[in-house]
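Letters A, B and C name the chains as they come in the text, with residue numbers starting at 1 for each one.
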Amino acid sequence: MAARPWLLAVPIVAGLFVAAPFVAPSWILFILHLALAKFLVVLAVALFLRGGLVSFGHALFYAVGAYTAGFAAKWFGVREALLLVPLAGLFGAAVAAVIGLFMARYRGVFFAMLNLAVSMILYAILLKFYWLTGGTDGLRVQTPTLLGFVPPRDLIRMTSYYVALVVAGVMTYVVYRFLASPLGYYLKALADNEIRIEYSGESVQRVIYATYVLSGALGGLGGVLAAFTVGHIVPEYAFWTQSGEFVFVALLGGYGSVPGPLIGAIAFEFIRTYANKYAPYAWQMTLGIIMLLIILLQPGGLWAMYESVVARFSRRAEGVERA
Amino acid sequence: MPEPSPILQTIDLTKAFGMVQAADAINVHITRGERVGIVGANGSGKTTFLNLITGYLQPDHGRILIMGKESTGLPPRRVIKLGLARSFQIPQLYIGLSVLENVLLALAAQAGKSTACWRPLYRGQWLEHGAAVLERFGLQAYARRPVAELPEGGRKLLDIALSFALQPQLLLMDEPTSGVSIEDKFQVMDTLVTVLQQSDITTIFVEHDMDVVQRYGQRVLVFNDGKVIADGPPASVLAYPEVRKAVLGLE
Amino acid sequence: MALLTIVILDGFVFAAVLFLSVGLTLIFGVLRILNISHGGIYALGAYLGTYLALKVLDLGLSPYLTYVMLLVGAVIIGVITGPLLERLFLRRVYGQAEAIQLLLTFSILLILDDLIKLIWGTAPLMVSTPSTLLGHVSFAGITYTWYHFLLIGISIVFGGALVWLVRGTRFGKIVVSVINDREISIAVGINVNRIYTLAFTLGALCAALGGAAVAPTIAVAPGFAVEVGVQSFAVIAIGGMGSLEGAALGALLVGLVRALAIHTFPELELVVIYVLMLIVLMVKPEGLFGEVELRRI
């Protein structure tokens, strides 16, 4: 299959990411940094898409993670990465563990919209309790410390970026193992045939629930990393448009793979930058049209396009070898 | 010698869909090791019977006992855990996965490891076991291929193989040879019966084809209008004029 | 006591508003594609109707023509968007994974919402003439217009007409049979494609009419499409998919709860709908009148 291009691609891409703070201009570094954070949430959404479910509410976990950092800064003056990152993941997972008990019973539109409803309830709470949450003004989040050390001025951005890179790398590995495990395959089976799952003695709800908890952790991690890079969080982190963005990116990059969401996240930031420049009043339309095109023409997203290009090259290469 | 306890027993099993009585106080007794065919015209309640026993439908009245344990009201996944498995008229497969992956998932479920999320699905013992299952059903050539590439008879066999992989004590099959070409029918059944005999699994199979029932069943239940109207060895039962009329529409 | 009266009256008005948009969602409950984009069609109906009504007033014509314009605007939108969306987009995803259908209709909603902004700008549009033309009436210190009560009447008639259409007419029965068994319907000679287009267009008409009817009581503004989409979904979810009675009850519940919130805790106005939906679905996942569907195996 396409195994050979893989082996080359991984170290190259990893190398590029590691080298970025040294070679890339700072606006690109910012994009990469934000993309790494959002990639995690998009991954969570992609997991569900794999199982045939759409969630329009994953901004919930994104906001939970972000506000973990926000509250820690506001009430405790804490900005320690090694504490806040796992904590955000934990809170995301905890919220998912509670909501998932209920959510796992639903599919289709219900699943999509109920997730939306819950995330909008959080949004309303974040707005209403403004004396706690900073309301529409939001909260400031400083760049993180590492093991208590504040990085020297010129290394602040870089440290924050590497924290994100490490977390993204670790979670990529975790998700790869998840997808290769029985649960990961059952998730895919869920999209095909729930009846066979039930008649194997397994509970479809358990599969959905377990995935939901993992997706909550991913969302929380993405949120806290985004908070560190953007530096300022607002209740809109929980708004349905943020959830919609994650769904869009999952589609754009291709939800059938792990690299897809990352490619999508990076592409999205570039699209957003240019759309802001050339068509600032038609953002939703831009997204809608791109989404339509993807669904109708290339449902596998950018990753599928990459794979078909690679396949064509390797076929040509084989042709040359034989000739 | 005391009578062996039944592996499946239904007591006054009743289910109606509006005006249609799909199951009418059915009392059935199946003992371990039997190979029982179920025949009947379309709409006589055969599939409803399977759906009721496996918990896909809930009865209006009556009880179901599997290996002596009360299973009335349990959903399919709990009934399966009691030692039952079922194959379907229209094969229920994971079409997005490969043939082998379908089997591996069944093995994972059987081992109670469906929600294991760290160690891979493709692991030594399951790969071996899965290959063995596929070989017994003659599907090993298709192992790594997508389910979509299986021919019709192959899908039927895979559907049955997935149920078999759960190592059930009682296997229910809904029309195992339907959709299979006439030439292949007996081959499929031969494969099946060999496998089942080797594993000493009690079998109930719903069938339309009388030849299949006569050749492979030790006992046959005839369904009509939600009732069991005849119960006995195939050769004699299928000779009764009432049975021939009800099932085959012959005068 | 006065509070109770106000809440009930307001609640009924909201319910009427919701029910008008729900007519369409119901048809989609029957078509089995839950269409998130209908909020966009509803908004388009509201905008075009309002725009035409304003034009009529600008030209100094009889204010009673505004009612005609609302109707005309709605019909134009319904008749255009219905076949267009169904033939161009929806048809391509029948039978595909539900997730894909959802995403498709969601992207259409986004496009429609921005389309409205591009055509009519971001400032709210308002035509109050149809609403005030019929006069006012006061209850417990709050002034209502007769138009509000007309809306309630219209939605009841609407609901009745829909029930009759789906259950009493040949067309309705054909639609139901097409939904339930596509193959048999084709075999019997029914032009399934045309039925789908017709059903969808009828639904689009309902949405556009609902939007146009409501427009005189509010100021239509961007974001309206999504708001309606989500609220209508809540109504259907609460009432149960595919059930007319459920939709009516759902609309009533949502309307009353919203009215209650507005007059007691106004900041919770939007959130109460979500909370109500969550509570109902926790108790009965299929909705109040919904049925659990079992696939035939």
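General observations
Everything that follows uses one rule, which is that contacts are C-beta pairs under 8 Å (C-beta built on N, C-alpha and C of every residue); 3 or more make two chains touch, one makes a residue touch a chain.
All values derive from a computational prediction rather than experimental measurement.
A summary of chain positions shows that the Cα centroid lying nearest the centre of all protein Cα atoms is that of chain A.
In terms of C-beta pairs in contact, A-C outnumbers the other of B-C and A-C.
The distance from the centre of subunit A to the centre of subunit B, each centre being the mean of the chain's C-alpha atoms, comes to 43 Å. Rounded to whole angstrom units, the spacing between the C-alpha centres of subunit B and subunit C is 47.
With centres defined as mean CA coordinates, subunit C is found 34 Å away from subunit A. Shown for subunit A are the residues in touch with two or more other chains, namely 191, 195. Shown for subunit B are the residues that touch two or more other chains, namely 88, 92.
Residue positions 297 of subunit C each touch two or more of the other chains.
Subunit C contributes residues 34, 36, 89, 92-93, 97-100, 102-104, 106-111, 113-115, 117-118, 226, 230, 233-234, 237, 267-268, 270-271, 274-275, 277-278, 281-282, 285, 295, 297 to its touches with subunit A in the complex. Subunit B meets subunit A in the complex at residues 54, 75-77, 80-81, 85-86, 88, 92-97, 101, 104-106, 108-110, 113-122, 162-163, 166. By the touch criterion stated above, subunit A contacts subunit C in their complex at residues 49, 52-54, 56, 102, 105-110, 112-114, 116-118, 120-121, 124, 128, 191, 195, 240, 244, 247, 251, 281-285, 287-289, 291-292, 295-296, 299.
Touching subunit C in their complex are the following residues of subunit B: 47, 51, 56-57, 88-90, 92. If you check the complex, the residues on subunit A that touch subunit B are 177-178, 180-186, 188-189, 191-193, 195-196, 198-203, 206-207, 210, 214.
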